[in-house]
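Got a structure for you, written out below as structure tokens; questions coming shortly.
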């Protein structure tokens, strides 16, 4: 699917749309097939034991799929998550950033769907899988 | 299902097992059919616009269903979330705590399943639905 | 939520909308809180081993939640399933019908959400849990 | 992940393990990264309107991910589906077979997870997405 924003525009949008997590995420790569987003893991993202908590993996998938959709439909800060499904498959590695590889699977008139595989940096076995649906407000599609 | 902990013991376990969110959650009610957990909403739980963010609703469901299971099998801090499915159905009310009503649906040898409906306090229309699966370590079931 | 059809009207709608499964399902009860639907289990619904197959439990949940929504918005045969999440928790009892207890959780302008617990008749431990989302065509809501 | 069965062995296993759907499915390709399974669409798989029904797409994903796991762990006819999540994104094309492209994401001691994208043959936009979890009996892993 054609892109409406390049990587720098998307990074700027990310900071504006999610000021509460500014600096947590970085856009590693963006093309028509895939968006790669990094969670820069800090102490505050961890559970006791040193691995990234479920809510922070949820946030990575949710923010990542959301901005992957927005990269295609443009600056519309109003789409809302309506469904999320996640499988937590392995314990993330301690001390490693998380890398989410994201695909947009559907971009419809009222619904958009994407999925993500999340990895600990440096390990090619996914730690989590997520799929999310967003409801797109009527004005968003022009 | 019979309970292994009463409400006070469960509240104590909650603070021990999740020190990073100490004070965020309160146990409102616990019996054999249902656990009711409150998220005491603070500024840090909100998105721009003033409503509770998705990751915080995820955390409420995850912590709530987890401790509902532990209330039945006893103090085993090792069960891990393996699957989560959520529907976000309405925008939470600004300025209201969230109340999760939780049921344990299965308590098996290796897997436990529960679900939750989440409400803004004072409104009987659910804002979100969650179902979660936990893998129980072999020693946990005695 | 107020009902637009009573039990007999809903039974008639079920036969019209799903002729390919005519006779498989029966409406046991319908009120503003709950719809109860029976799958009359026949040889063709079974896996080797004699228990109802996953696709037939999926069909029970999907048809049941769909008609629970239609009971509230009236005869609109066009809503489509957009998301389904199921937990299969116990093996259904051999030789028993399945009973689905269904709630409508959200009835919005474009999306409706419901969930179901499925039981083997005569056993109060659920064999499966399902939640489903339907997209409602614009004309449906008047 | 290394394969324990080649394509012909897997096709033979499919017919033995699912005699009730014999002839419905064909294995198009199998390697360490992906399994491709075809649903040979017949009149009985269709809804009124001529598109493949939800339960048949569920069956394609469930059978496909199941045999993709078995291709890696060998002939163990006992793994059971514990969780399924699906997004139905587009109406399947009338008169076209469905093609499922399946990945195994986790192969653990007690749980295995896979996902699938389902296409109408000849169209590269997915009609559905599925992820499924299977519980593996203790003896299966040798």
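Read from first to last, the chains carry the letters A, B, C and D; within each, the first residue is number 1.
In the analysis below, a residue touches a chain if its C-beta (ideal position, glycine included) is under 8 Å from a C-beta of that chain, and two chains touch if they have at least 3 such contacts.
Computed from a prediction, not measured in an experiment: that's the story for all the values here.
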item: Shared chain contacts [subunit C and subunit D, defined touch]; value: A, B
item: Between A-C and A-B, the pair joined by more C-beta contacts; value: A-B
item: For subunit A paired with subunit D, centre-to-centre distance based on mean C-alpha positions, whole Å; value: 27
item: Separation of subunit A from subunit C, taking each centre as the mean of its C-alpha atoms, in whole Å; value: 33
item: Separation of subunit A from subunit B, taking each centre as the mean of its C-alpha atoms, in whole Å; value: 24
item: Of all residues in subunit A, the ones touching two or more other chains; value: 82-83, 85, 87, 89, 133
item: Subunit C-touching residues of subunit B, taken from the complex the two chains share; value: 83, 85, 87, 89-90, 105-106, 108, 113, 115, 117, 125-126, 129, 131, 133
item: Complex interface listing, subunit A residues touching subunit C; value: 82-83, 85, 110-111, 133, 135
item: Subunit C - residues contacting subunit D, complex; value: 19-20, 47-48, 53-56, 58-59, 62, 80-89, 91
